[in-house]
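Next come two complexes built around chain A: one with chain B, the other with chain C.
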Partner chain A sequence: MFLYLVKRTIYAVPIALAVGFVCFMLVQIAPGDPINAIVPPDASQELLEQVRRDYGLDKPLPVQFGLWLMKVVQGDLGRSLATGRPVWDDLSSAIGNTLTLAVAASLIGFVLGCVLGGLAGTFRGSVLDRVAVTTAVAGVSVPHYWLGMVLVVIFSVQLNMLPAMGAGPGGSSDWAWDWEHLQHLVLPAVTLSVIPMGIVTRTVRGIVAEIMNQEFVTALRGKGLTRMAIFLHVVKNAAPNALAVMGLQLGYLMGGSILVETVFSWPGTGLLLNSAIFQRDLPVLQGTILVLAMFFVALNLCVDLVQTALDPRIKRA
Partner chain B sequence: MSTTTAAAAELAVQAKEAALRSEGYWAGVWKRLRRDPVTIVCASILLIMLLVIVFAPFVAPHDPYQGSMIRRLRPIGTDNHLLGTDELGRDMLTRLIYGGRLSWFMGIVPVFLAFLIGTTLGVLAGFAGGRVNMLIMRVTDVFYAFPSVLLAVAISGALGAGIVNAILALTLVFVPQIIRVAESVTTGVRNLDFVEAARASGASGFTIVRVHVLGNVLGPIFVYATSLISVCMILASGLSFLGLGTRPPEPEWGLMLNTLRTAIYVQPWVAVLPGACIFVTSICFNLVSDGLRQAMDVKG
Partner chain C sequence: MRLRHALLAALLPAALLAAQPAAAQGTIRIGMTAADIPLTHGQPDQGFEGNRFTGIPLYDGLTAWDLSSADRASTLIAGLATEWAVDPNDRTRWVFRLRPGVKFHDGSDFNADAVVWNVRKVLDREAPHFDPRQVGVTASRMPTLRRAEKIDDMTVALFTSEPDSLLPINLTNLFMASPAHWERLRGQHPNAEATWNAFAANPSGTGPFRLTRFVPRERAEMTRNDNYWGEKARAERIVLLPIPEANARTAALLSNQVDWIEAPAPDAVQQLRSRNMQIATNPQPHVWPWQPCFLETSPLRDVRVRRAINLAIDRDGLRQLLNGMMQPAVGTVPPGHPWWGNPSFNIRTDKAEARRLLAEAGYTPQRPLTLRVQISASGSGQMQPLPMNEFLQQDLRQVGVNVEFDVIEWNALFTNWRNGCGHPSARGAHAINVSFASMDPFFAMVRFWDSKMAAPTSNNWGMFNDPRFDRLVAEARNAFEPAERDAALARLHAAGVEEALFIWIAHDVGPRAMSPRVRGHVQPRSWFVDLRLPYIQ
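For the complex of A and B:
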C-alpha cells in the first residue's frame, strides 16, 4: 500500500505540469497577440517591443512555458490588466470566500445526500426510495444558477427573510463568523448544495443497496443483531466510498461555483472570473483557473490517498 | 372504414408473427421501454418540445425580436401575452419557443461531436492497447484534472463569446469523459472469446472493430452520451448566462435568464421562466437516459 501512495503522489506531478501547460495555453489560444494580455491596447510600438523581449515572447513556445512556470512557482501570476494589481492579491482573498461557500455547500449536500441515500438504499422500492431518487434526479438536473434566482425571489423578494447579495452587510467582502455574515451564506450555500446532494444520494443509495445484499449482512441478521447494529456495519463499509465522492464534489464546487457566485454577487473566485471574462482580463482568468485547477489536482490526490488508507481492501497497481 | 379494418387486421397478423418469432435485442429494449411510464412521459414531453421549437414560426404568437417600450415586463396572463413580456417588451412565450432552438442545439451538438470523437479515440485506445492507449489515456487524465464547469469557462473565456467557441469548449469538456467510457467497455470486449475467434479465423483489426467490437460497445457509450445532454444543456445555458456563448438579441434560455436577472424585483415569476424551461428539458433528458440505461441493461 505504501508503494501505491508514493506512486500516486509521484504521478500527480506530471498531471500538475500538464494542467499548468493547459492554463498557459489559454492565453495562447485567445484571439489576437498574447502580448495584448500584458500591455494596454494603446501602448506604443517601442513599449510593445520592449515588453516582448522582457517577457520572452520572442522566444519559442516551450521556452516561454518554462519562463512562465518559473514565475508561477514563485507565486507571480502576473498583473491584472484592469486594476494593475498583482493577480495573486485579488485571488488570495477570493479563494477564502469560495472555499467557505464550497465547504458549507458540501456539508449540506453530504448530510442530506447520506440521509436520503442511506434510507433509499435500506428500504429499496419503498415510497421513501422513490422520493429520494426523484430528489436526486432533480438535484442533478436543475440549473443551479436558476435555483438561486428562484430562492432569491422566494426568500428575499417575497418573504424578505434573507439577503440576496454579497457576503456581508453593506456589500463588504471580508468574511466573519457571525450571524450578520452567516445569513448571507445561507442562500448561496443551499443553492450550490443541490448538485452534491443529488450525486451523494445516488452513490450512497447504490453502495448501501449493494452492501445490504451481501452475505455478511444476512449473517449479522441471522446472529440476531438489531437493525441499528446492522446499520452501523453498513455505515462502516459505505463510508470510504461516500467520503471519496464527497471529496471530489468539493473540488467540483470550488471550480463550479462561478455561476452561483455571479447570481449572489458572492466575492469569490467565480465573481473574479466573471469580471475577468467581461473585461477580457486574461492574466486574472489564467491565474484563477490555474489555482483552482491545482487545488482540484491536490484534492484528487488527497482523496485517493485517504481512501486507500481507509479501505485497504482496494488493491491498486 | 374498410381500409382501416384491413390495415388493423394486417397489423394484428404482423404482431402475431412477430410474437411467434424469437424477439431480437432491440424488440426487447422497446418492450421494456414501453412498460416504463416515466420514460414514455418524459420522451413525449421532449418530442412535443422538439416539434414546437422546430415549427416555431408557425407556433409562436409574436415576433421574437419585436419589442415595445410601453409594454415592458408585463405579468403572466396579460391579454395577448400569455406569459408576459420581457425587459424590452418582447413576448415571453415567443422568445421561450425560439430560445429553445439555440438551447437544444447547444445542448445536443457538443455531446454529438464528443460522441464521435470520443468513441473513435476511446475504441482506438481500448483496442490497440499498449503505447497508443497510454498516450490517449494520459492526455485524457489531464483534462479530467479540471472540474468541467471550470474547463468550459476557461476555454470559452479565453476564446471569447460566441456560439462556435462555446460549442468548441463544451465538446472539449465531454470528449475525455466519453473516451474513458469507450476505452473501458472496449477493453472489456477485446478479450472476449468471440473476438479471439474472429482473430483466429483471420479477420483484420479493422474488421474486428467494425463487426465485433462496435456492435457491443456503441450501446453503452450511446447511453452514457445521452446522460451528458442534460449536463451539456445546463453548462451551455450557464455559459450564455455568464455572457459567453450566445449574444443578445438572440433568444436563448440562459441568456434570457441573465438579461431578466434585474427584473426579479419587478416581475419575479416572468424572470424565472427561462430557467424552468432548462430544468424541465434537462430533467426529461436525464430520466429518458436512465430509462434507456435500464431498458438496454447497461451496467454502470
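For the complex of A and C:
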C-alpha cells in the first residue's frame, strides 16, 4: 500500500507539469491580451510596452513559463495581474467556499442518488423505478444554471424565502453554521446537486440490479435471510463501484461550477476562474487550474485507497 | 426673550426634521457589475465603475466633476485644488492652489508634499513608493503630465510634456492617497508592493467615506467620514457587492438583498417597475459608434458614404428595441453641450437622402455597397452589441448596404482597436464597434482625429489623417481659458460631425435600479454618481 501511494504521488508530478503547460499555452493561444486587465483601452502603445516590461510579459514564452514554474516549486503561485494580490490568498478562500458548496451538494446528490438508485434497482420495472429513472434523466439533462435561475425566481424573487446570492449576510469571511448563513447555501447546493444525483441514481440502479441477479443473492434468499440482511450484502458489493463514481463527482464539484457560482455570486473557484478568464489574469488562471487538478488527482487517489480497503479483490501492487 | 424661546421651541422640531437627511441615514447596499471590488489603493481598476465606487467616495482629486445636477452636462469643478492657472510664460507649467484644512482619513494633513508624492507614485520610477501596478490605470488618463514641484505648503506646480489645456480635466483621474499612512505601513512591510497591498486593505484618502471593511472579491464597506471637508454624506454606510451577472443583480434587488443595482438587464426593467423599484437613467458621456477605416481600400473613406450611413439609421427604432435604454447619438456630444458647435450636417433618419448620397458615391442596387464591421458579442460599455448590430444590418439593407460582421471576443476586439485598420488583426474590416467615454476631450475626440494618435500610438484605429483636424486639435490644446477652450473644442466637434468621422449610433443612459427606500439620488449626465447624496428612508 505504501509503495502504491508513493508511485501514485510520483505520477502526480508529470500531471501537474502537463496541466500547467497546457493551461499556459491555452491562455497564450486565446485571442486578446492579458495587459487589457491592467490598462484601460485608451492606453498608448508606449505605456503598454512599459507595463508589459514591468510585469515580465515581454519575455519569451518559455522563459515566462520557466519563471512561473520555479516560483510554483517554491510554493508561490504569483500575484494576480488585475489586483496585485497573491494568487494563493484569493484561491485559498475560494477553495474553502467551493468546498462548503461541494460538500453540501454532494450530501444532497449522493443521498438522493443512492436512495433513488437503490430503490429503482431493487424494484426494477416498477412505477418507482420509472419515477427514479425519469428523475435521474431530468437531473442530468436540465442545464443547472437555468435551474438555478428558476429556483431564484421562485424562492427568492416570488416567495422571498431564500437569499438569491452571496455566501452569507456579511460575506464568506464570517461564515457560521447557523440558519442565517446556511440559507445562502440552500439554492446553490440544490442546483449543483442535480447532476451528481442523476448520475449516482443511474449508477447505483445499474449496480444494484446487476447484483440482485447474481447467484449469491438467490442463495441468500434460499438460506432465508431477511430482506434487510440481503440488502446489506448488496450494499457492500455495490459500494466500491458506487464510491468510484461518487469520488469522481465530488472531484467535479470541488472544481467549482463557473455557471452556478456566477448565477449565485458564490465566491468560490468557479467565480474566481470566471473573472480570471474574462480579464486574462494569467497567474490566477494557471494557479487555480493547477491546484484544482492536483486536488482531483489527490481525490482519485483517496477513492482508490478506500475502494481497495472495501474490496479485497482489488489488488494494488 | 420669552417670545424668542417660544419661537425657538416651535421651530426646533421643524429644523431637526429638515436637517434629518444631513444626518447619517442607513446603509445602502449596492450591487456592482464588476466581478471583484475595484482596487482601493487610490487608482481603481474596473474602468469608470472603479472610479465611481472606490475612487470618488474614498478619495479626492485636485479637480472633480460636478455631479449635483441631472439636467445639465457634468462640468469640471474644484476638488482639492481651489484654483489653477497655466503659467503665461511657460505653458507647460500649471500652478494649483490647494484647499486649506483638508485632512486624510488617518488625520495627516493634505498639502503640496502630498500632491508631489501622489504624482511620483505613478510617474517617477525612482520614487521609493512608485507602484507600476497603478501606472496602467492612471498614466493613460493624464498623458501629458510629467512631474510636480512644491512651491509652498499650499501651492504646487505641475509640468506637462507640451502645452495642454486639458490637464485640469485629466487630473480628475489622479486620486490623492495619504503619504503619512503609506509611510507608517511601509515600516511594517518588506517592500513597496507589499505596502501598497496593505494600503489597499486599509486605505486613507480624503473622501467623504472611509473604507471600514474589505473582503476581497466579496464586499467592501465604507463608513461616512464625519470630518470630510465638503458636504458630508447622508448615508451612514455604503456596502459594495460585486454581482457580475445581470439576472443575479436583478434577483438580489427584488429579494431585498441589495438596495441599488447597476445596469439591470433591459428586459427586466418592466418587472422592476411593476415591483415599485426606481429606474434612474440619463444620457451618459458615452458613445456607441462604428468607427470608420480611412485607408484607400475602405469605402468609408468617402464622406458621402459616411454621411449616407449616418442618415440611414433609424435610431428611434433602435431605442424601442432596447426598451428606451439608450439616447440616439447625433455626435460625440449631444446638442446643447458646450462642445456641440452647431455642425451644418444634421444627423437624422433620412433614407431617401442616404440613397441619393450612396448613388452619388457610385453605389446602386446593381452595385451595392458591402461593409465589413468588427464587433464583439458582449463587453463593458458595449450595451447589447449583437441585437443592436443586427438591427443596423437590417436597417442598412433598406438603402442597399450589405453589412457583414466579424464577431470576435471583447478582449480581442480591444487589442485589435489598438492595432489599427491596416493591421492583419482587422481582417479587412471597414469599421469597428468599440464604445468609449466622452467626458474628457482627449478621449472623446483627440485620440481619434489627431493624426499623431494613429494606431498603434493611440485609438485612431481608422488611421484618419487631415492637417485641418490636427490644427483644430492644437488650437484646443492651446486654449487655456475655459470659454476659449470650449469654443475650440466646439469647432473641432462640429468639423468632426460635418465630415461624419464616426457613424454615431447611441449614447448609453447608465440605467440603475433602486429600492423605493433609497432617496436623494441624483442621476447626473456622467459615468459617476455622488454617493454623498442618497440615503435610506
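Criterion: the second predicted complex is superposed on the first by the 252 of 317 C-alpha atoms of A that agree within 3 Å, B and C clash if a C-alpha of one lies under 4 Å from a C-alpha of the other, contacts with A are read in each partner's own complex, and residues count from 1 in each chain.
Everything that follows uses one rule, which is that a contact is a pair of C-beta atoms (placed from the backbone, for glycine too) under 8 Å apart; a residue touches a chain by one contact, two chains touch by 3 or more.
The structure displayed is predicted, hence computed values, not measured ones.
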Which superposed partner A:152 touches (first chain B, second chain C, both, neither): both
Which of chain B and chain C A:93 touches, first, second, both or neither: second
Partner chain in contact with A:251 - chain B first, chain C second, else both or neither: first
First (chain B), second (chain C), both or neither touched by A:275: second
First (chain B), second (chain C), both or neither touched by A:166: second
Chain B versus chain C as contact partner of A:262, first or second or both or neither: both
Which of chain B and chain C A:85 touches, first, second, both or neither: second
Chain A residues contacted in one complex by chain B, in the other by chain C: 30-31, 149, 152-153, 157, 262-263, 274, 278, 280
Contacting residues of chain B [partner chain A, same complex]: 138, 141-143, 145-150, 153-155, 157-160, 230, 234, 237-238, 241-244, 254, 257, 261, 264-265, 268-269, 271-272, 274-276, 278-279, 282-283, 285-287, 290
Chain B-touching residues of chain A, taken from the complex the two chains share: 14-16, 18-19, 22-23, 26-27, 29-31, 137-138, 140-143, 145-147, 149-150, 152-153, 157-158, 251-252, 254-256, 258-259, 262-263, 273-274, 276-278, 280, 282, 285-286, 289, 292-293, 296-297, 300
Chain A contact footprint on chain C (complex, rising order): 35-36, 39, 45, 47, 132-133, 135-137, 139-141, 143, 193, 196-197, 200, 215-219, 241-245, 247-248, 251-252, 254-257, 408-409, 411-412, 414-415, 417-418, 434, 436, 443, 447, 456-459
Interfacial residue positions of chain A with respect to chain C in the complex: 30-33, 35-48, 50-51, 54-55, 82-85, 89-90, 93-94, 149, 152-153, 156-157, 160, 163-167, 170-173, 262-265, 267, 271-272, 274-275, 278-280
